[in-house]
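The two complexes that follow have chain A in common; it is paired with chain B in the first and with chain C in the second.
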Partner chain A sequence: MINLFAYNIPFISIFLLMISAVITPLIPDKNRIPEKLSCFVIGFIAVLSAYLLYVLTASGQTLSFNFPMGHFPAPWGNELRAGPLEAILALVFCIAMLLSLLGNFSSTEEDIAPKRRNIFCVLVNLLTASLLALTYTNDLFTAYVFIEINTIAACAIVAVKEGPETTRAALRYLVMSLVGSGLVMIAICLLYDLTGHLLMQNMHRAILVLVSTKSYLMPLTVSLALITTGLAIKSALYPFASWLPDAHGSSTNASSAILSGLVLKGHIFTIIKIFYRVFGLEVIHLLRMDTAIFILGLTAMIMGSVHALRQVNVKRMIAWSSVAQVGYIFLGVGLNTTAGIAAACLHIIVHACVKPMLFTAAGGLSNAAGHKKGLHALMGTFYVNHWAGLGLAAGAFSMMGIPGFAGFASKLSLTLASFDSPVIVWSLSALAASSVLNALYYVPAVIVVLTHNKDAHKNFTAPAPTRLYKISMAIFIALNFYLGLFCVPLLRLITRGVNVSL
Partner chain B sequence: MNEEIKTIWRNFFNWIMGNGPRPENEVIPPEPPPDLPFTQKPKDKYSRFHEATLKERYSQWQEIHGLHIFSMLYSGLSVLTCIVIVSLLLATVAELPPFGDEKNPANNEVIRRYVEHGGHETGAQNIVAGLILDYRAFDTFGESAVLFTAAVSVLMILGISRRNIFPDKASPKAAQTGENYLLRAPPRLHVFKEDDAILRAVASLSIPAIILLGCVVVINGHLTPGGGFSGGAILSTALILCANAYGFERVHKFFNEKTFIVSSSTALMIYALSKGYSFFTGANHFHSIIPKGTIGNILSGGLILPLNICVGLIVAGTLYGFYALFSEGEI
Partner chain C sequence: MLEKLLLNHYEAAAVILSGIGLTNLLLQRNLIKKIIGLNIMDTAVYLFLAAKGYVEGRAAPILIENGSGGWLTSSSLYVNPVPAGLVLTGIVVSVSVTAFALALTLKLYEHYGTLNIDEALLKMTHEQEVLEEKITKAEEEVLA
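Let's look at the complex of A and B:
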């Protein structure tokens, strides 16, 4: 059985972050205390999540539990649900958030005005709380409420760096994201009308009855399509990804890392939950949503990379690469098998660790080149900031899928997952084509950074990277190798989690 | 005299702009050949020149007509998309279970327990208040946090920007790079010009009544229809009316940015701590020390009354905050 402390961890994580968020405006903004407090709280929750993961998996059998929020049991009150998969995701989200904040600690100071930094911390705390709530919740309406918090906070951390570019990007992001929220809201209303429940398992039961009696199939299909579209807009699936490069490319490095690595993942995990906990594999297949998601995923894998090839700004290039990586995740979801979902979850974890590293590295390099973001301006910056150069190289190799790096593990598991599927030819050729395209833009970037530039030391007068930057980059690179080399136990753990949770 | 000064000024301006009188030895370039339409063949003499202008005209065509065609296409497609989505949604709604029918899926055990046992389980006479602040209090906590997030974000974007936030950058260098726009104070949209006696008289009569009504709606939230959200909205209208009648400076004396942050944060923190205690005891099956009280009494409903007050504070502050920030640029 689970001990009392571990049982309360999901609740403690969410509430600790919310309380830390509302305390932050009240504490003095001297010596960057708010930021240190946020980092401490997020780190503490990472430790708690690791402990929860240990408790849930240590005994050999996979455990999971429901946590009622209040005195009333589930269909009447709200409920959280925690299993190994949720615990892993919470752990990864917290680690990636912490490293994004610590790695960009000095660039945050440069980019954001002192008064705004306090509110930035509030938003980061709320964002983490909403990600954890989206991970743990077992209630569709609670998911919607935290999607809203997530949306507003995400738009605000784009606009936290002042300037016309970021304001425009944030507005565009806000409009697109609110369209997504609206669609999700309509879909939830329709689903409630059809099933009479908001709790995921009860909705699943009601939907199975509806499908077996073949009643209300049309509203069911429409609501599934609406909720998928709404969340796909928020998670930047290709045709809806036009807002992403602006928002991720123009904001401050910490925001870019958080948005690309984490915010997208919260929405994608919500889609996975809705597909497999609310509707179920068979119903998704019956309503043909798996095919739609699969095709969109394939398109995103190719088109994201094609767009990235055309970029000259390194941050925009990495941002478009995120679109391609989101395509990989949706490819796994579209396979509509447990192995596919597990591979998609593994890719969520890999991307949540690699993309913040790439953004942190790109920030360090452009800082070394005197705040220039053009790829040509970065020539020789490796010799100014070694850690950033190493991080970019490791991230690029990971995205290409070189064995030993994190991206290889998830691509391998996606490939293996597609062997059981009738669409194997499509998914394998798309994986191959997308890997080649990834190499086409990441290799030149790495070469440019590594090319020795005689004038480099003359032109680049940036301060040396701080110790914090070096440490967080080292942890990022170590995580990258860990995920690449020891993915088999992790994948086994995720598969167990998927079997229990979804 | 006036004309003379104008002429001198014009000459001076021309001299500044480099539009002085032409030098005598200036060579005037020959007139370019006439712009031929696409169908007409150019004369041999001009063929190379024509090729160049063709390219130029092609790019110009894209610039001038391209945008026009794009916007036409864009609006056309938007209308089409809207029509498709609207008809799809209408068709879906037509397929839904009939409104108010007894056998609807929504009329299940969940609703039955809310209606039948809501009163004695939550201690609240108003079932809706019991539902949103006791059964599903976590969602309401999330909703209050949404308001808080939105208010803090708007405060950050509109309130803290453009004020004197980069004092060390007020250097000539910053002026050159265009960063000094950050230092300019925002233009005041509402300049309080004159003493509007009618508005003030009406406001002085109605503001106390509005505040009283707001407080009643908030405090009786667990007994009668109303609660924190609606009562908070009423309270915020009193603040907005006060700002319009007496000027923002008057409101500023008792409700400014600091009060707003402190009240919202404290209210949300009280909500989080008290409801966190309730969630904790509920989930772990511990005994909760919070009494339910007798249904119908003002002190009943467990935590619903304090939570309503918290939500009311957040809503009132946020709504007034939005109004002040969007019209004035500061709270």
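Let's look at the complex of A and C:
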């Protein structure tokens, strides 16, 4: 049985972050206490999530539970739902968020004016709260509300670094996001109209009835297409990803790390829940949405990398690489099998750990080159900031899928998942092509960073990396190896989670 | 076809409104008009929800006294309160999003003096080019 404390953890996590978001602007900004407090709260929630994961899986059985908010029973009340999959994702989101904040602690100080740092803390807390709420919620309208909170917070952490470039990027991001959330809202209203419910399991039952009687299939398809498009815009699936490089490339390093590693994942997990908890594998297949997602995923894997190849700004290159990685996740979702979703979830976790590391490393390297972001300017920066150089190399090898690094684990599981699918040829060729393309832009970047440059830094002394930077980079690299070498138990755990949660 | 459209005239109006809103949000180059488009789209959704939630002949979901000190509790007397709740939540969300979008637009206007997002982009690229030229000149001077 689940003890009462563990039973309340999903609610406590979200609530604590909300409270922290309200309190941080009231604390005087001395010695950056608000930021430290936010980091502490996020770290504490990571510990709570780890405990929840332990409670749900320790007995050998895989447990899951529904938490009625306000204790109103099922069809009326609002619910949170927690299983091992949700607990792992909450844990990874909190760890990645914490490391992104700590690793970029000094660059945040440079980029964000002191009077705005309190606001930055509020946004980070709200963003984490909305990510956890999207992970745990079992109610579609609550998901919509937190998608909007997520949108505002995500656009604001782009704009929090002052400057016309970030304002423009944030506006562009906001407009695209609003188109997305508008579509999601219309779709949720249609679904509510069709099923009469907002709780995911109740909707699923109603949809099964509709499908078995072959009634309202067209409206169901339309609402599924609308909600998928809306969330795909927000999670930067390829044809809708034009806003991403601006937003991720221009913001402060901590914001880029958080946006690329975490914000996209919250929306992707919402799509996974809608596909498999609300509609179910068979209905998704019947409405042909798996094929659509699969094709879009394939296109994203190739086109994201092709765009990344053309970039000369290192942050924009990493941002376009995110588009390709999002394609991998959608490829797993499009396979429409339990193994495919488990592989997609593994890739969510891998990317949530690797991409913040890459952005933190890129930030460190461009600091070492005197705040230049062009790839050619980074020549020899490894010898100024070893940890950043190591981070970039580890991240790059992981994205290419070199064995032993995190990316290899998820690519391997995606490959294995494709074997059960009739589209195996397509998915294997796309995986191979995309890996080669990844290597084409990451290998030159690593070589540039490692090449000695005698002329550099003659009239400029780069600041040494702080101890906090070194520690968080070391943890990032360790996580990368852990995920790469010990992915089998993790994948088994995710599969158990997928089986009970979805 | 026309008969169905007339029967569901609220829904038809909502679809047309949301189409107008979405087109404005996507295609207008003026930011204020874009934001107005967003609001039209949201309003369309509220109309749709309100139309779905209303049942003719039923009362608002507030308990009515039955005349002998008690309440009429039969659910068949009242309309569904959930859509009204959804509309309220939607309004709160749309107000905050609009405020945020307007604040960002104001920032952009202060810097570039234009509300047109394309013009702002042109000015930005121009500024960057000027900046890069300055940097190259400075570097050349240092080398010389």
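Keep this in mind: the second predicted complex is superposed on the first by the 498 of 502 C-alpha atoms of A that agree within 3 Å, B and C clash if a C-alpha of one lies under 4 Å from a C-alpha of the other, contacts with A are read in each partner's own complex, and residues count from 1 in each chain.
Just so it is clear, a contact is a pair of C-beta atoms (placed from the backbone, for glycine too) under 8 Å apart; a residue touches a chain by one contact, two chains touch by 3 or more.
Predicted, not measured: the structure shown is a model, and the values here were computed from it.
Once the two complexes are laid over each other on the shared chain, residue contacts for A:Arg172 go to chain C alone; chain B is not touched. Once chain A of one complex is fitted onto chain A of the other, the partner contacts of A:Phe40 are absent, as it touches neither chain B nor chain C.
When the two complexes are overlaid on their common chain A, residue A:Phe5 makes contact with neither chain B nor chain C. In the superposition on chain A, A:Met18 contacts chain B only, with no contact to chain C.
Judged by the touch definition given at the top, the superposed model places A:Tyr54 against neither chain B nor chain C. By the touch criterion stated above, A:Ala159 is placed in contact with chain B and with chain C alike. When chain A is checked against chain B and against chain C, the one touching more of its residues turns out to be B. Judged by the touch definition given at the top, the superposed model places A:Phe419 against neither chain B nor chain C. When the shared chain is aligned, chain B comes close enough to touch A:Ala113, but chain C does not.
Once chain A of one complex is fitted onto chain A of the other, the partner contacts of A:Gly182 are limited to chain C, with no touch recorded for chain B. Counting contacts as defined above, chain A residues 141, 145, 148, 152, 155-156, 159, 167, 170, 186, 192-193 meet chain B in one complex and chain C in the other.
Residues 88-89, 91-92, 95-97, 104-111, 113-114, 121, 134-139, 141-143, 145-146, 148-150, 152-153, 155-157, 160-161, 165-166, 182, 261-262, 264-266, 268-269, 272-273, 276, 278-284, 288 of chain B are the ones touching chain A in the complex. The touching residues of chain C, when paired with chain A in their complex, are 18, 21-22, 25-26, 31, 34, 38, 41-42, 45, 48-49, 52, 82-83, 86, 89-90, 93, 96-97, 100-101, 104-105, 107-108, 111-112, 117, 120-121, 124, 127, 142.
Those residues of chain A lying in contact with chain B across their complex are 4, 7-8, 11, 15, 18-19, 21-23, 25-26, 67-72, 75-78, 113-116, 119-120, 122-123, 126, 129, 133, 139, 141-142, 145-146, 148-149, 152-153, 155-156, 159-160, 162, 167, 170, 186, 190, 192-197, 206, 216, 218-219, 222-223. Contact residues on chain A toward chain C in their complex (touch as defined above): 141, 144-145, 148, 151-152, 155-156, 159, 164-165, 167-168, 170-172, 174-175, 178-179, 182, 185-186, 189, 192-193, 198, 459.
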